[in-house]
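Take a look at the structures below.
Both complexes below contain chain A, partnered by chain B and then by chain C.
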Partner chain A sequence: MGLALFYVKKFFKIVRNEVLVLPSRVVVGLFFIVLLGLPLITQDPYIVRIVILTSIFAILAASWDLLSGFTGQMNFGHALFFGVGAYSSALINLHAHIPPWGSVPLGAVVAVLAGLIVGIPCLRLKHTYLALTTLAFPIILTGIIFALPQYTGGEFGLSGVTRFTNSLIGNYYLHVVTMLVTAVVMWKITDSNTGIIFHAIREDELAVKASGINTTRYKLLAFSLSGFFAGIAGGLYAHYMRIAGPSTLEVSMSFMVVIWAIFGGAATIYGPIGAVFILYPLLEFFRIWPEYRTMIFAAVVLVILLYMPEGLIHWIRDKIETECPRCKIRNAATRKTCRVCTAGLD
Partner chain B sequence: MAEPFLEVKALCKSFGGLQAVNNVGFRMEKKEVLGLIGPNGAGKTTLLRLLTGILKPDSGSVRFRGKQLVGMKIWEIVNLGVACTFQNMRPFRRLPIIANVMVSCLSPRSMRRGEWVKIVRAKAMDALEFAGISDMALEKASTLSQGDLKRLEVARAVATDPELLLLDEPFGGLSPAETDLMAKSIRRLHKGGRFGRLHSEGPAMIIVEHKLQQLMKIVDRIVVLNFGTLLAEGTPDEVVNNPLVIEAYLGQGGGQ
Partner chain C sequence: MNILITGLITGSMLALLAIGFSLIFGVARIVNIAHTAFYMVAAYCIYYLSVRVGLNPLLSMLTAVAAVTVLGLLVYKFLIDPIREHEGAVLIATIALAMVFQEVTLRLFTGDYRTVDFLITGFFTVGGVKVFYQQLLTFGVVLVTLGAVWFLLMKTRLGLAIRSMAEDREVANLMGMNESRLAMITLGISVALAGLTGAVLAPLTVLNPYMWMEPLIIMMAVVVLGGLGSIKGSFVAAFILGFTEALVVFLVPKGAFLKGSVALTIMILVLLIRPEGLFGVSFEEER
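Moving on, here comes the complex of A and B:
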């Protein structure tokens, strides 16, 4: 009893001293609570479905950020990993009769292989050339899929994939919790020493080599990690929609990912996730004016990118928080002095 | 006979029609500080880049402790113990200064050495302290001045714990006071010892420099390059009085 009380007190202490002091942490906490508590408020199938799809695409956008935002390997063909994850988990599910619990991770492993296959020829390329080359890969795979309809279902895709569970709430929690866990894992990866090397490779690859780091290994690591998480997203998508079709490999899908990530702020992980949670429901909301839907969407994206080139989430974070000029600790914007070193914040 | 510490033999490199480094060869002992001088465009930086593997030579060999360096990857050479700095500084501008040095501390060579508790951050901090910019550890690298960037380059190279350090114009663009400071830390590094968690056995150095006055005080021996070829070699006094060198720097009859 005493021990339990100790941990409860410790928990509240951490919440008070670490979370409530920073608005951004409060927002992240609220995000977690709202997502996990949403079924208590509403069980409308339409809303639940949108949140599930948003979670799946949030994983995808964050995985793009891991590769292109951090390591700077501009990938305009990120739908490849998504499609490979979707198709391979669907194939594994249909032919080997492995339930979704097994087929989604296996599909993600296949997507890692796809990441390596794309990554190895792309090691020598940079910037625009890399982007154009990666753009080609999903188109090649679409061609292969159309060429082998007896295995891949051709234009109709693979249908009849089993769902994780048929209960609404079960599906909701499965997807949302997976999204939260993978997001935390990705954020932890980028926050570690490996993340510093990823950042450095984006800034100046030659200087990283001259620091004695095997950049080939780290670039391939970035490709395969990104492929893994995008593959998980693809597998979840195939099992949720019960179909793996060529639409997962479309060029528009690749560009959607890029738009989400840039909109939220590249090289942050939380930026793309926040952006997906704003943009995807927004696009659904604009269904009330079906004729102007995509036009309004494009206008919103354009305005945001014009006035907040660092990304929306980044911009908001800079507005609600200021960095202490002396100790570089972030503070709520309402404070006059730094909460750690008491230096003035002006 | 023991292997020479560093042996460069018949090294050639040309860019198109320009023979940047032509048949250069020299030897270096352990614990030696070698100055590399020459007029602009003599091929000094190219020679350093050939040694570190950033450029591939057309022919010739570079042997470091008996190991052939030609054909190795840059990071393999760095992990053997040959570190270099860039003439035009190349920091990771959007990262804090400490993270710039942590990248070096994460190299396999640096992780192998030192204490068994691998506190990368603390080690990076010690490298910064050695270079004298530890007070700015959390600033972004883009806020640094020219002199501090040079120091950052040195800190990054020192963090890999090199046995041979190639410094490309360490005094370039520094004020006289900063030059003195930098010269002092180079001498201190060469003496070796322990800088916090960083061990240094006093690396051998090759220094490319134009400020000859400062350079002469540090180096044991000087190699002079001109138009890619080896012009002269010897102690600072010998080189300064060599008529060939005077001619290369000042033109014919410039010594009178």
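Moving on, here comes the complex of A and C:
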């Protein structure tokens, strides 16, 4: 009893001293609470469906960020991992009759293999060469899928994939919790030593090499991690939509991922997730003018970029927080002095 | 014979597009995804002017190229130039631009397939295959344009400035070349090339608002295969990929699905052996 009380007290202390002092942390906390509590407010199937799809794409955008935002290996073919995850988990589910609990992780493992297959030839390439080469892979795979319709279903895709559960709320929590967990895992990875090395590779690969770090191994690690998470997203998508079609491999899908991630702010993990949660429901909202939907969407992206080229979430964060000039700790923008070292801010 | 003609036409189209794309990349480091969207806009301009308004086809082509160039310059000035330092932002700005162009054409002309009349009609037969004069004309225009671009780059002061800017921006800047003006001019040339491609190709293809997607990818493959910033490389790679596509389409069953795959596989295989493309020079690491 005393122990439990101790942990409850410790929890409140952490909340008061570490979370409530920074607006961005408060926002993240609210985000978790709202997402987890949403079914209490509304159980409208349409809203639930949008949130589920948003969560799936949030995983995808964050996994792009893990690879391209952090290590700077511009991947223009991220739909490859998504599509491979979707197709392989659908194939495993349809032919081996493995339930979704098994087929999604297996599909993600196949996507890791895809990550390695793409990663190894791309090790020697840099910058734009890399970006344009990775763009090619999903298109090659699409060609193969169209050419072998007896195994892949051709342009109609594989349908009849089983769902996780048929209950609305069950599906909701499954996808949202998976998204939150994978997001935290990705954020932890980027916050660890590995993440620092990823960051360093983007800034100056030569210097990292000179520091005795095997950059090849870390780049492949980034490719396979990113492939794994994107594969999970793909598997979830296939099982939720009950179909794995060539649309998961489209060029526009790859472009969309890049738009989401850069719009939110690259190399942050939370940026792309926030961007998906803003842009995807926005795109759905524009269905009220179906003819102008894509146009408005593109215009919004263009205008926002013009004013916040660093990314939306970065921009907001800089507005509500300032960095202490002496100890580099972040403070709420309303404070006059730093909350740790009491140096004057501004 | 069919293979030869299709290969030549595809190759010449790709060469023009790829050279424009690699020019603007070399000078301003802009990966212009909207490049082929300009090509689409030019083709639609011609359709509008010659079919709807009823202008003389030749005149409408010239107007279309000019209009597209002006459009490109305006877009660059107001949307790309302010965010030039942020590479990622420029990248997705061009993607968004391409989407805007696609949607606007979709609104104005609907998604129906459109065709444009031939500039000159008639054909002759070689080895049992019809060769349209229009195809010959297209090929001729492409060759002349390529020659002009080569002359511009190699023999004029402007070309020298463009090439030196592509080689080393800082030093070129120190030598008194106005970077942003040069970027503007290069963008103009590059978009004009895209417009011209649309102009000469419009009669030979079917127009629809999604026509920019497919050449975009193959064009990028050409640029990478030939080496970024190398005119000769783009030219050779364009014909390699153009002929590969034609061969696959005519000789392999279900080739139409596989043509992109085969072309891109060739690109990847070449890059495995030569990471900087066929004729590319490896750029100095920029820090």
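The rule we apply is simple: the second predicted complex is superposed on the first by the 346 of 346 C-alpha atoms of A that agree within 3 Å, B and C clash if a C-alpha of one lies under 4 Å from a C-alpha of the other, contacts with A are read in each partner's own complex, and residues count from 1 in each chain.
Keep this in mind: a residue touches a chain if its C-beta (ideal position, glycine included) is under 8 Å from a C-beta of that chain, and two chains touch if they have at least 3 such contacts.
Values in this document were obtained by computation on a predicted structure and should not be read as measured data.
Asker: Just checking: does A:327 make contact with chain B only, chain C only, both, or neither of them? Give me first, second, both or neither.
Answerer: Touch partner of A:327: chain B, not chain C.
Asker: Just to be sure I read the superposition right, which of the two partners does A:262 touch: chain B = first, chain C = second, or both, or neither?
Answerer: second
Asker: According to the stated criteria, A:214 is in contact with first (chain B), second (chain C), both, or neither; which is it?
Answerer: Touch status of A:214: first partner only.
Asker: Who touches more of chain A, chain B or chain C?
Answerer: It is C that touches the greater number of chain A residues.
Asker: Classify the contacts of A:196 with the two partner chains as first (chain B alone), second (chain C alone), both, or neither.
Answerer: The first partner, chain B, only.
Asker: Which of the two partners, first being chain B and second being chain C, lies in contact with A:206: first, second, both, or neither?
Answerer: The answer is both, since A:206 touches chain B and chain C.
Asker: After lining up the shared chain so the two structures overlap, which partner does A:159 touch, if you call chain B first and chain C second: first, second, both or neither?
Answerer: Neither partner.
Asker: Using the superposition described at the top, list the residues of chain A that contact chain B and also contact chain C.
Answerer: Touching chain B and chain C on chain A: residues 204, 206.
Asker: Across the complex, what residues on chain A touch chain B?
Answerer: Interface residues on chain A, with respect to chain B: 193, 196-197, 199-200, 203-204, 206-215, 327-328.
Asker: Can you name the residues of chain B that touch chain A in the complex?
Answerer: 52, 54, 73-75, 78-79, 83-84, 86, 90-96, 99-100, 102-104, 106-110, 120, 138-139, 156, 159-160
Asker: If we count contacts the way the header does, which residues on chain A are in touch with chain C in the complex?
Answerer: Listed in rising order, the residues are 121, 124-126, 128-129, 131-133, 135-137, 139-144, 146-147, 204, 206, 251-252, 255, 258-259, 262-263, 266, 291-292, 294-295, 297-299, 301-302, 305-306, 309-311.
Asker: In their shared complex, at which residues does chain C touch chain A?
Answerer: 25, 31, 33, 79, 82-83, 85-86, 88-89, 91-93, 95-97, 99-100, 102-104, 107, 213, 216-217, 220-221, 223-224, 228, 254, 257-262, 264-265, 267-268, 271-272, 275-277, 285, 287
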